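Down below is the structure, laid out as structure tokens.
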Amino acid sequence: MNRIRKLQGPALILALLALLWIIVILVLLVLKPSVFSLATVTTILQFSTILALVALGQAIVIMAGGAGIDLSVGGIVSLSAISGMLALKLGLPAFLLPPACILAGAVLGAFNGVLVTKLSILPLIATLGTFFVYSGLALALTGGAAQSGVPSWLLIWGRGVFSGIPVPFLTIAIPVFAIAGIVLMWTAWGRWIYAMGFNERSARLVGIPVDRARLILYSLSGVLSGAAALISLAWLGSGRPNIGQNLELESLTAAMLGGIAILGGRGGVGGVFAAVMLLVTLKTGLLQLNVNTVWQVGIVGALLVFVLLADRLSQNWR
Amino acid sequence: MRQLRNGVFSLNGREWSLLVACVLAIIVFSVASPYYATSGNAGTVLRNSIELLLVGLGMMLLLAMGGIDVSVGVVMGLAAIGVGRALGAGVDPVLTAFVGPLTGALLGLLTAAVIVLGRIPAIVGTLGLLGVYRTAIFVLLGGQWLSGLPTGLTLLLGTTILGLPVAAWVIAFAYLAVWVALRRTPFGLHLLAIGNSEEKARLSGIPVVKVRFATFIVSGALTGLAATFYVANYRNVEMTVGSTLALDAIAAVVLGGTSILGGKCSLVGTVLGVLLLRILQNGLLLTGVPSLWQPVVTGGLLIGVLGFEVLSNRLSLSQLGWASK
Amino acid sequence: MLKHIRKALAISALFLAVSTAAFAQDKPKVAFVPQLIGIPYFNAMEAGGNRAAKELGVDFIYSGPVDTNPVDQLQIVQNLIDQGVNAISVSVLDASSIAPVVEAAKAKGIKLFTSDSDAPDSGRAVYVAQATDEGLGSTIIDELVKRVGEDAKIGIVSGEATASNLNAWIGFMQKQAAAKYPKLKLLEPQYAGGTAERAAQISGDLMAANPDIKAIIAVASTTCPGVAQAIETAGKIGSVIGAGYCSPNTARSYLKSGAFGFTVLWDPAQLGYLTVWAGKQLIDGKAFEAENKVPGFDNPVTYDAATGILLLGPPAVFTAENVDKFDF
């Protein structure tokens, strides 16, 4: 017990998430052992890929403080996917589709960054505005129609499975999380981000280029959303104007659940990854047990409140 | 505090710009569409603004206190279920009208208990509650919408007193009550002080917990009141009720000049923000712009107004700088 | 400590044994995945499916997303596939994105078919149709012309702009109007998302923008209350009539007040029944005949082998006169 008490912040959250995850698995194991197959693992990873990428972007933006938040991530995913497909229709060579999606994400994210850093609009409001604009544009430009015509070689990548692991997860999600983890833990850049989030004024005083760093982080969040858009194209085989629906709330939930402090300066990518896994495993488990889906939203909401309360209590202990 | 004393009968910069924007929009739309400037259409716009005006008022108080509530849409939904059930069961319409605010206030109390006592950041806490309340809506409705409810509450919209519909009186009263509470009672001072700095407010002996509880309850009650009007208007409660309300309300209130950092709010601005949004949505459709563009306009307006203000402030500051040199 | 663990293990082993026994039933499983749960229409389909399951001796699973989000729908279908449900029917939200699960189902030998909303080129086993999209689109236009004449202006208010079945119906409405009634003027469709509030707002604006409008069509069942309410509020009962694809229970009071002239729908419970029946046929490996006798159905159900469509029958038209005979 003493050791648990000594756990704090991210470590406590990570332990808590792991515990919850194990509980979910155990309950499933007891109630429905047939679930445990490679196919289930593939399914879980397949449906976590997009959320994982978007949640990572959300997490780094929040971590860097300055009331950082990105409500427009879902809009960026939708609009990047749509602009990629529209560009294809306008004659863009098919092999340029992946960079086009990611570039679109970067531009949209950078626009958020400009609003936040150059115009000093509060992130919640700036990205609320771009949320309306981006998701609205994706629908208005297409009239709601799905955009077909994804090149078939992209589908091979998007739907491929390598020894039980979906290829997009293997080739994008894992490397991205590994790089993000390394950068945050062991590089000056990572320390800058924590420093900015922890205390912006002193970060500025020691000469960290806070505004430039923040602009880059918003762009990076956009890039990750663009990558998520690309994965959705390669997996579904069509560009959907509302593919990013609800991702802003889901990614926020995952980031918060993963122990990212809403005020910044605290948290790590491991927690975010664990939170995404927990959320998707939980959903999968409930579906496998044929629990009515109306309970999903409630359980996830209650879980969020519970984890935050636990985090708060752990701070009181100290 | 000066913000507090002025800004009632004299408009500040943002409020002026919004007023000008509203007037300009009305002029442009009147020229563009022969059907725009009719009393019928004006009624439509006002009627469509009722819920957002009330929910926005509550949201304004929360933002001014440095709080936020992203679950107001589903709170309205739950309150609407309460009103609808009561109406369907044949309860007296006058009593039914109070079911909404009461349910809303109770949910506000619950929200406050989680946020204030648990000391969770409001945005995350209400995000969690949003999920919980949504499930509650599903379970309560169980796939059967409340449809074709009795017309008992319609008198709220149909009856006029001194030439104005009851709804207008209720909204005016709500705004007046909030104005009095903000400007003439310690509650207002305390609320804005907490918005400025919760720590300092606590140190100076302000009953922070009590004030925060009260604000969440008032916001809940206002949202519940909106639910009463929702049922009166549509006589139908479906499962998706209020799903876009929270973000719309935040956008309208911020457009009106209330800062999400707290400590500053504007009643006139909130009204103008809501009206401008509704005027644009209505006018664009009347002039032939497809409804799918409406969110783009909402977002563009938000970014445009706030960005413009920053830029123009900067410009005037730099001009001052030149002058002093 | 060790004792506790041993105890826990014993209890969980017991659980395991009991639950495996409970799950080891031989009944084949048929699932239906609606576009959205919590709306009366799909609830009625669920009820029909349950009835069929009891009568035909199968297990029926009903599970769908809480938002009209195609990825959530895919996740539900994928999990049903992983569970090894024998036949899965889907009311497709978006025809273009269903392909991954169709492949996954084929790989596991699971019968995946569509019901209520189709994905024609996906390789699904069969489509259980309430009526053809064309029939639905043209019926509503024909019925409207009967009431407002050929020389009229008609507005369209739909739900989600991304719903492929609703868009198909709108397409056939426009086609029918262009082919048969050249004087009829269909306005551009407007999209209200899922809320009655937005539908009312948009309908009110449409009536203001077009004072000579004669009718408004509510395409999604979620938009019916809003459209009707807007007509009542604007005091245009009699001069503008509402119409749409809504269930009698949702539309009853509007039909009686005159805000709605009629609604076009089929019996969703029957459709649910037929869906489960079709699933059972597929599991049993029985081919569909050109005309099939389904228990509880008065008329034989037709099957078109070329398109792979099993047809419930022509849609019914509900009006103020006959609406009280129905309860769904």
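Each chain carries a letter (A, B and C) given by its place in the written order, and its residues are counted from 1.
Assume a residue touches a chain if its C-beta (ideal position, glycine included) is under 8 Å from a C-beta of that chain, and two chains touch if they have at least 3 such contacts.
Listed by chain with UniProt protein names: A = Sugar ABC transporter permease; B = Autoinducer 2 import system permease protein LsrC; C = Autoinducer 2 ABC transporter substrate-binding protein.
Just so you know, these numbers come straight off a predicted model, no measurement behind them.
Student: On the document's contact criterion, could you list the chains that touch chain B and likewise touch chain C?
Tutor: Both chain B and chain C are touched by A, going by the contact rule given at the top.
Student: Determine which of the two chain pairs, A-C or A-B, is joined by the larger number of C-beta pairs in contact.
Tutor: Result of the comparison of A-C and A-B: A-B.
Student: Starting from the Cα centroid of chain B, hunt down the chain whose centroid lies farthest away.
Tutor: Chain C.
Student: What whole-Å value do you get for the distance between chain B and chain C if each is reduced to the mean of its CA atoms?
Tutor: Roughly 35 Å, centre to centre.
Student: Can you give the whole-Å distance between the Cα centres of chain A and chain B?
Tutor: The mean C-alpha positions of chain A and chain B differ by 30 Å.
Student: By residue number and range, which residues of chain A touch two or more other chains?
Tutor: Those would be 139, 143-144, 294, 297.
Student: Touching at least two other chains at once: which residues of chain B meet that condition?
Tutor: Answer for chain B, listing residues that touch two or more other chains: 134, 138, 290, 292.
Student: Would you mind listing the residues of chain C that make contact with two or more other chains?
Tutor: 37-38, 66, 161, 191
Student: Given the complex with chain B, which residues does chain C contribute to the contact?
Tutor: 37-40, 42-43, 46, 66, 161, 188, 190-198, 200-202, 204-206, 208-211, 222, 225-226, 229, 233-234, 249-250, 252-254
Student: In the complex of these two chains, what residues of chain B are touching chain A?
Tutor: 114, 118-121, 123-125, 127-136, 138-139, 247, 250-251, 254, 259-261, 290, 292-300, 302-303, 306-307, 310-311
Student: Show me the residue ranges of chain A that touch chain C in the complex, using the header's touch definition.
Tutor: Interface residues on the chain A side: 26, 29-35, 37, 39-40, 43, 46-47, 50, 139, 143-146, 148, 159, 232, 235-238, 240-243, 245-246, 283-284, 287-288, 290, 292-294, 296-297.
Student: Under the definition above, what is the set of chain C residues touching chain A in their complex?
Tutor: 12, 15-16, 19-20, 23, 37-38, 61, 63-67, 69-71, 74-76, 78-80, 82-84, 94-97, 99-100, 103, 160-164, 167, 191
Student: Taking the touch rule as given, give the residues of chain B at its contact with chain C in the complex, in rising order.
Tutor: Residue positions touching the partner: 33, 35-36, 38, 40-41, 44, 47-48, 51, 134, 138, 141-145, 147-148, 157, 230, 233-236, 238-244, 281-282, 285-288, 290-292.
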